[in-house]
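There are two complexes below, and they share chain A, which is joined by chain B in the first and by chain C in the second.
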Partner chain A sequence: MNLKKIIVVDDEEDIRNSVKNILEDNKFEVKTSENGKDFIKKISKEKFDLIILDVLMPGLTTKEIITELKKKKIKTPIIFLTVVRLADQTKETITPQMIDYIEKPFDNSDLIDRVKKALK
Partner chain B sequence: MVKTEKEKLTEEKAKIYLKKLEEKLIYYKQNVINSSDAIIVQDFNGNIKAWNPGAEKIYGFKEKEMLGKNITKIITKRYQKEARKNISAIKKGKPTFRIKQLRKTKNNQEIFVNITYSPIYENEEIIEVGTSEENVTNLRESEIQFRQLFNNMDEAVAIYEVKNNGKDIVIKDLNKSAEELEKIKKENILGKRVDKVFKGVKKFGLYNIFKQVWKTGKPVHHPISFYKDKYHQGWRENFVFKLPSGNIVAIYSDVTERKYIEQKLRESEEKYRNVSEKANDGIAIIQNGIIKYGNPALAKIREDSLKNIINKNFLSYIAPEEIKKIENYYKKRISGEKVPSRYETILLKKDGTKIYVELNAGIINYESKPADLVIIRDITEMKESQEKKYKLLYESSADAIMTLEPPKWKFTSGNPMTLKMFKLKNEKEFTSKAPWEYSPKYQLDGQNSSIKAKQMILKAMKEGSNFFEWTHKRVDGENFPATVLLTKVKEGEKVFLQATIRDITEQKKAEEKTKEAELMKTEFMSAISHELRTPITPIKAQLQRMLATELSKQEQKDSIEIALRNTIRMDRLVQDLLEITRIKSGKFNIFKKKENINEIIENAIVDLNSFAKEKNTSVIFTKGKIPEINIDKDRIIEVIINILDNAIKYGKGKISIETKKENKNILIKIEDNGIGIPKEETGKIFSPFYRGKRLEEQKYEGTGLGLSICKGIIEAHKGKISFESKIGKGTMFTINLPIQ
Partner chain C sequence: MDISKKNYEKEVILVSINSEKYNDLFFKLIRQLKNKKVCLVTTNKGYHALIEILKQKKINEKNFYIVDCVTKAVTTPKKETNCTFLSSPQAINEISLECSKAIANGFDFVIIDSLSTLLVYHSGMNLAHLMHNLISQVKQRNKTKLIMTISNKDKKSDLFEKISIMSDKIINL
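Let's look at the complex of A and B:
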């Protein structure tokens, strides 16, 4: 059985790694990126089953990232990592791709549930 | 025959006697003929033997019509019996008597006559009856009328006869009213002396009045005199006069009750008069425009005498420009129309000066006709103080106050603030200019100023006032926000607008600042929230992991490390937050002591040595000659480290630090050769949580509160912190600390 590949994008190292840890604990293959630019690079090269994307990062804005994905016709489902409900920014960029969102800090079990749901 | 002497004498005597008789006869005949009375001779049967011209006059019958005819021709049937009786009385020898009797004339008119019956002798024998008849009809009628009046008068009438050359005054007659008043029957007192019947007359002076009137013939009127005797007491009004007959008539009435009422009226009048006399306000009663009554206060207000004011035209005391208004009010009030009862106007003093008065008017009945009761209050002082207050307000107001006049709505006057606000040189400069000439061409909403201004003016004229915001322009071209209040003013016939303009530049600035502050607060709040959640996330995630999963010892260690690291981060954040809150709320204490700044900087450089090495950064420190100053060492170290840390972080390897003394300050300059701060960020760098977020390469550490804390610390030392930056070249921070 192929393991599902997930890419986690967050500028905070500890958050990035914590999410990676939880996913790997649950038998997912995880790659990480610390900013939009690097993420676009990685996702252009490899195929992923799920994207977990932080909404507030320096550099490319979430909006810009989504536009890039659209341009490249990448339709991988996205789970947004948000702080304090859905920021206005995020609301603007709601696309059919956005399956779900989860607030930081989160319950690990909640994260896994959503990931599993998104991968169905 | 020869007559004897005696016979001759007798003949002489007889001739003289006959002549005398003849003369007498002629005399009597003349008398009879000339008499206005009727003189009639009749026999005992009533047949008329003689009828004089007087009889013809009275009865209308001529002599030839009556001679030989019967006297009954002039007697009504009713009195014929009596007439016969009278004749037979004479026949029987009754001496001359006089009676009143009704006769009738040729025209069948009944007349009243006084008849004197006399016997006519011939040889000592009564042969005929003679009557002398006087027509007293008029007298009788008068008498009847008199009697009627006499008895029906409300007033008491007493008629007195004065006898014995004034020694006795005797009651001759009393009318019904007198009888009632004195509670006496006249039969009981007629003929008695007045002072014996009415014992008080002498004591109370009436007796003397009677005497005086009788002596002088001049009537006396005593409106009120007091009378008292055993049976009566009271006040009498007496009118005493003398009759042609010599009798005294006293017409009198009891006026006790009237006097009482008059007394009460007088008392009440006195009361009101006192009120009116002593009132401070002027009181006038005006009827048909004439002042019928005025009180002393009115005279005082006018500075005139009361007698000059009475019966003068009230309007002549009103200033000409007010006359129409007052007239109008008066007319409306008299006709019952609703009109304000209180209003201000201008009164003229005797010397022509104008004073402000307040009139309070109402309708009263005065002498049975409607009149205006006006209370006049001198409000000059009040007006003057009002005017003074207004003048003060006008002169010293922080708002510009001006007037605009129709139809062109140009400015006609302005207070000192107007000149200041618009930066004008003098009032002349702006009069006959219009509001839109002191405004930009368009207002903030895009409307043309000239059109919009006219709309605002029209609204004020229609509704009485209009308050709105407006952008004005000063003479030097500077636009400024203002609030405008237009008020409609009426001064007599003139109508114009008063404009009060307030420069709200400062207000707007403050509003902006508040908005900014609010925005900053919100941003601050969400930033804090975000900042706290960031370390919490890995702490929570790792701790959950450890509970849920079997981890190797190494994995456990790593997990705990992450949790601990972030716990420390949170702690630091909380500390910084507290510090920044303290700085913002002013509860920030610094403990100053004399310190050496150069030493402090050297220590900071040492502390950051390893970090600098890591970043391949060299730090060059130029020590200036600076004195020791009073500072909080720990806090200042914090600042130096913070800035130095940033310089190493964002710099490109070269940092220079310099200290020097400049006037009364010590300057610390820290310069790096880093990428610099973009222009749009320069305003924000001292804001809490600011980090160079937009720059990709930044890996920020720290809480982001550093620079804002530094600013707070330096400002608490009454110093300044600033920076200069050029993109690509670098940034230089300058700290100014006053030498204390």
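Let's look at the complex of A and C:
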């Protein structure tokens, strides 16, 4: 059986590893990146079914990451996972690729539900 | 909770906030600044989310000028009369410039929310340098008071140690 592939991008190692473990326990194949630059490199070489992306990280901004994805015509759906609180009207303008927005701290089962929903 | 009026007579206040109740305590803190002209530098909430919360908590948002370090890093915001959108929390020179403007324009308070978020993007040394610069301006002008918030998780950081020496008052929430 082909596992769905997800890439988790977060500068915080604890969060990255915890999301990776939760997803792997639920039979997803998971890769991680600690910054936007590394993420762009990985997603240019490999196809993923879903991106889980921290909104604010050192290095490339979300806006720059979205621009890069657009340039490379990568339309993989994105779930934003972040401590940053944005109003719904702001979230809507980030990118059409955004299918969900989860604020940290998150509940593990909620994360899994949302990931499954996104991959349906 | 030690946020009596007396504390606000101090010029430079460092507020360590329990990270588990950060938002609640933060808004309780700023609620005390009734009728004051406040420049709020936000690194963890976008302008619109912040205004929504202020309204929900019945805090008069008209007293606030927002320096939003978040939204522009994510999307292209529309212009707002009571907000400056900075490019990202990484833009330390823009943050410094906006705070200096607020001090020069005689705001009653400049609030940096928070040093902990800025620590993700900058070294403690660079942030201490920025704060030292702002504190000097505050002391020189003798009008604006500076409030810097930090998560209690960062109380053992070098930054906390450096900033606490420069502060007139440290409050634990």
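Everything below uses one rule, namely that the second predicted complex is superposed on the first by the 112 of 120 C-alpha atoms of A that agree within 3 Å, B and C clash if a C-alpha of one lies under 4 Å from a C-alpha of the other, contacts with A are read in each partner's own complex, and residues count from 1 in each chain.
Note that in this section contacts are C-beta pairs under 8 Å (C-beta built on N, C-alpha and C of every residue); 3 or more make two chains touch, one makes a residue touch a chain.
Quantities reported herein were computed from a predicted structural model and do not represent experimental measurements.
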| item | value |
| --- | --- |
| When both partners are placed on the shared chain, which of chain B and chain C touches more of chain A | B |
| Contacts of A:Asp14 with chain B and chain C, given as first, second, both or neither | first |
| Partner chain(s) touched by A:Lys37 [first = chain B, second = chain C, both, neither] | first |
| Which of chain B and chain C A:Thr62 touches, first, second, both or neither | second |
| Which superposed partner A:Asn108 touches (first chain B, second chain C, both, neither) | first |
| Contacts of A:Ile22 with chain B and chain C, given as first, second, both or neither | first |
| Which superposed partner A:Thr76 touches (first chain B, second chain C, both, neither) | neither |
| Chain A positions touched by chain B in one structure and by chain C in the second | 56, 58, 83-84 |
| Parts of chain C lying in touch with chain A, wherever the complex brings them together | 44-53, 70-77, 87-90, 120-121 |
| Of chain A, residues touching chain B in the complex | 12, 14-15, 17-19, 21-22, 25, 35, 37, 56, 58-59, 83-84, 104-109 |
| Chain A residues within the chain C interface of the complex | 11, 55-56, 58, 61-63, 83-87, 89-90, 93-94 |
| Contact footprint of chain A on chain B as seen in their complex | 526, 529-530, 533-542, 544-545, 548-549, 559, 562, 565-566, 693-696, 698 |
